[in-house]
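Note that chain A is present in both complexes that follow, paired respectively with chain B and with chain C.
Entry: the complex of A and B
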C-alpha cells in the first residue's frame, strides 16, 4: 500500500525534476525544434557546462549559480564556432541530416573522452552548502538541490521565451526554419540567424549544466542518460515551443517518478520513450504543436 | 521622394535554360508598371534578379532611391531589402506557423522600418480590417486571399521605397483577385509608391497599372506607354483578349 505522503512527495519531486529537465531540453527545443539541427551532443554540452561550473568552483570558490554567469558567454561563443563548422561542412551542402547527426555524435564522444582525460571517471560534485539542505512543507520535502535547478530552469526558459517572442531577432529565428527565403526577403541573413540561435541553444546548455551540478554529482558520460529524455521532451513540447517544452518536461518528470515508485526504478528510463511513442501515435505534432 | 528603377540589357539563365534575354524596362517615380506575361515567360526570374536571388549573366539594375543611384547587381538580398526594395513574392512566402501579427512585425525587420512600426501596423489594419480581426491566427490557416493581404501588409511594414509584386492573383478565385487588386490600388493611392507588378491577369492588372510591358519567352515584346496602348496592341489581343 502506498501512503499519501509517499505519493505527494513523489509528485512534488517529479515536478521539480521535470522542471530541471525543461532547462536541459530548452536548448534542444531551439536547435532541434526550430532549426532542424539534430544536435545529439546537446546533453554532452550540458555536462561540459557542469564541469565548467565545477572547475570555477574548485579554483575560485564560485557557487555554481555564479559560475553559470561565466559559463554562459563562453558557451555562446563556442556555439557560434560549432555552428560555423557545421554549416560549412554540412548545412551549406544540403547533406545535413545523416552526416550532421554523425558530426554531433562524434562531438559527443570526443568531448566525453576529453573530460575523462582531464578529470577521470570519478563523480564530481559541488561543495555549495545548500546542496544538502531541505525545506519542509507539511509532509512534503523540498530539497534545495532540486528546488534551485527547478527555479533556475524556469528563469532560463522565461528569458529564452521573452527573447524569441519580443525581439526582432527572436521572431526572425522563429520563422527561419519555416521559410528561409521569406526571411531573406525581409532583410535578414538566415545563416546568421541560425548561428545566433544555435549559439543561444549551447549557452542554455551551459547554464543547465551549472544546474545539473547543483542537482547531482556528475561524471563524463552522464549526459547519455538525458539524450532520450531531451529529444522526447522537445518532440512532446511541440518542436520549438518553450512553454510546451516546460509542460512536457514536468509531465515526464512526474510520470517517471511515479513509475519508479510503483514499478521500480529500472523502469523509469523506459517511460520517456513509451510516453513519446504513445503521443506520436495519437498526436504527431506533439502535445503543444502549433 | 524620387524613387525609380531602371533595368537595361538584363539576361539571366538557369544552367543552360535562358530565362531572360536583353530585357530593358523602367519604372518612374510614383508609377505603377505592369509586367504582363503568361506562365514561364520570365516574370518571376526578373523579380528574382532585382532581389539578388538570381544572378544575371549580363545587364544592369539601377535603383534610384532618395536621390542616390545604387547598382543592385552583385548586392546580397539582405542589402537590397535594406535599401528599401521590397518584394511581395509569388506564392506569398508567409511564415505559416506564426500569427498574422508576428508576420507583420517581421516585415519591419529592416532597420529603417523599425521606428515606424506602430504607424505602419495601424495603416495595415486600416487598409485590411480583416487582418485586424485575425491578428492572432496562424497565417497558414487563412484563406488564399487573406494570405495575400498579409503578404501585402507585410511589405507595407517594411517602408518600401520601391515595391515589387509578383503574381498577386495567382491561385485566387476571381472575386478575391478583384479584392486584392483593389487593395493594391488603394495602397498606391495612399502612399504614391513606385511599383512594378508582374501579373498574368491582364484585365485586373490594367486596372491599377499606368502602363506596362509584355514579356514573351524572356524578352520584352511590347511596351505600352498607356493602358489604352496595351489594350489596342495586336500581341496583347492575341494573348489575352482572344482576338
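Entry: the complex of A and C
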C-alpha cells in the first residue's frame, strides 16, 4: 500500500525536478522551436556550464549561482561563434538538415571527450552548504538542492519570456520565427537576429548548467540523459512556447519521479524518451498545438 | 544486370584476397583488428543507405547493432543455433524495429526521425537492462566454440562472416545506386516535396531504406557477443558505434558506396592504431573533430576532394 506521504513527496519532488528540466529545455525551445535549429548538443552545453561553475567554485570559491553570472556571458559569445559556423556551413547552403545534425552530434561528442580528458569520469559536485539542507512543510520535504534549481529555472524562463515578448529585439526574434522574409522586408537582418537568439539559447544552457551542479553531481556523459528530456519537452510544450515548456517539463518530471519510485530507478531513463516517441507518433504538434 | 554480377565477382575476389592476406600474416591480432574494421564497413554502408542516399539521419546505430546482438543472445538461450542463423534473425528483428520506428516518425520532418532514433537507443537500452533473460544489467557471457571446421579458430570464422556481410552490403548499396530505387532516394534527399509531387512514393521508399539499413546493422551486431565474449548493455549500446558509423560515411563521402567503404577502412584502421598507441579517448576526440571538420569544410567527403563523385551535386 502506497502511503499518502510517499506519494506527496514523490509528486512534489517531481514538480521541483520538472521545473529544473524546464530551465534546461528553455534554450532548446528557443533554438529548436523558434529558429528550427536542432541543436542536439544543447545538453552538452548544459554540462559544460556545470563544469564551468565547478571550476569557478574550485578556483575562486564562487557559489554556483554566482558563477552562473560569469558563465552566461561567456556562453553567449560561444553561442554567437557556433551559430556563425552553423550558418556559414549549413544554413546558407540550404543543406542544414543532415549535415547540420551531424555537426551538432560531433560537437556533443567532442565536448564529452574533452571533459573526460580534462576532468576524468569522476562525479564532480559543489561544496555549497545549502546543497545538503532541506525545508520541511508538514510531511513534505523540500530539499534546497532541488528547490534552488527549480526557482532558478523559473527566473530563467521568466527572463527569457519577458525578453521575447517585451523588448524590441525579442519581438523581432519572434518575427523571424514566423516569417524571415517579412522581417527582411522590414529592414532587419534575419541572420543577425537568429544569431542573437541562438546565442541566448546557449547562454541559457550555461545558466542551467550552474543549476545542474546544485541539483546533482555531474560527470561528462550526463548530458545524454537530457537529450530525450529536452526534446520531449520542447515538442510537447508546443515548439517555441516557454509557458508550454514549463508545463510539459513539470509533467515529465512528475511522471519520471513516480516511475523511478514505483517501478525502479532503472526504468526512469526510458520515461522521457518513451514520452517523446509517443508524442511524435500521436501528437507531434505538442500538447497545446493546433 | 551483367554489370552488377561483374561488380559482385570483383568484390568477392577482393574479399577472398583480403582474407588470404590476413591468414598469410598468421597472427590472430590481425583478425581481431580486421573484424572491427569490417564491422564498421558494414555499419557505415548500412547507415549510408538511409543517411547518405535518402538524407535521413539515424543516431540509433548502436540500438540496431545491439538488437542484433541481443537477438542472438536470446536465441542462443533457447536453442544452440549457428551464428549465421543468429545474424539473419538479428537482421529481421532490427529491420522490423527500423520499419516500426520509421512508420511512426518518417511522416514528420527528418529531424523528428533523427531524434526518435536517439530515443529508440535509450528506450531499448532500458528494456535490455531490465530483461534478465538476456543478462540484464549484469551482462551475459558468450562462450565461443573451441574449434570450427575449415577455419580453425573462431575469430577467423567471424571475420569470414563479417567479410561476407560486407560484400553483400556493398553490392546492395551499389545495386540501389544504379536502380530506380536509388533515383527515388536521391529525389527525396534533394527535394522531398517535389519528389512527392511528381509521384515518388516517398513514405514507402523511406521505409524500405530504414528497414534495409536497420537490418544490415542488426546482422552486423549478431556476432558481437562472441567477439567480446562478454556482453553488457553499456558496451552494446555504446555511443561510439553511432559516432563512427556517422563519421565514416560523412568523411568518405555519402553519395556513393565507395565513400563509406573508404571512410570505414581509413578511419577504422587509424583507430585501431591510435587506440593501441595513444589512448581510446584521444582516438574518439580525433573522430569527433574529423566529423565536424568534414561536414563543415568538405561536405562531399574524401571522394569529393579526390574528384571521384562522378556527378556533381548542385551546391
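One rule holds in what follows: the second predicted complex is superposed on the first by the 282 of 290 C-alpha atoms of A that agree within 3 Å, B and C clash if a C-alpha of one lies under 4 Å from a C-alpha of the other, contacts with A are read in each partner's own complex, and residues count from 1 in each chain.
Quick note on the criterion: contacts are C-beta pairs under 8 Å (C-beta built on N, C-alpha and C of every residue); 3 or more make two chains touch, one makes a residue touch a chain.
No experiment lies behind these values; they were computed from the predicted model shown.
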Notebook entry, point to check: With both structures lined up on chain A, is it a clash or a fit for chain B and chain C?
Noted result: fit
Next item on the list: Could you tell me if A:101 is touching chain B, chain C, both of them or neither one (first, second, both, neither)?
Entry: second
Check: When both complexes are superposed, which of chain B and chain C contacts more residues belonging to chain A?
Finding: C
Note to self: With both complexes superposed on chain A, which partner does A:249 reach: first (chain B), second (chain C), both or neither?
What the structure shows: neither
Next item on the list: Classify the contacts of A:188 with the two partner chains as first (chain B alone), second (chain C alone), both, or neither.
Entry: first
Notebook entry, point to check: When the two structures are overlaid on chain A, which partner does A:175 contact: first (chain B), second (chain C), both, or neither?
Noted result: first
Next item on the list: Could you tell me if A:147 is touching chain B, chain C, both of them or neither one (first, second, both, neither)?
Entry: neither
Check: Rounded to the nearest angstrom, what is the minimum C-alpha distance from chain B to chain C in the superposition?
Finding: 15
Note to self: On chain A, which stretch or stretches are contacted by chain B in one complex as well as by chain C in the other?
What the structure shows: none
Notebook entry, point to check: chain A touches which residues of chain C in the complex?
Noted result: 51, 55-57, 59, 104-105, 108, 110-112, 114-116, 118-120, 122-123, 125-127, 129-130, 137, 239, 242-243, 246-247, 250, 281-282, 284-285, 287-289, 291-292, 295-297, 299, 315
Check: Across the complex, what residues on chain B touch chain A?
Finding: 51, 53, 76-78, 81-82, 86-87, 89, 93-98, 102, 105-111, 114, 138, 154, 158
Notebook entry, point to check: Which bits of chain A are touching chain B when the two form their complex?
Noted result: 168, 171-172, 174-175, 178-179, 181-189, 290
Notebook entry, point to check: Along chain A, where are the residues that touch chain C in the complex?
Noted result: 38, 40, 85, 89-90, 93, 95, 97-99, 101-103, 105-107, 109-110, 113-114, 116-117, 224, 227-228, 231-232, 235, 264, 266-267, 269-270, 273-274, 276-277, 280-281, 284
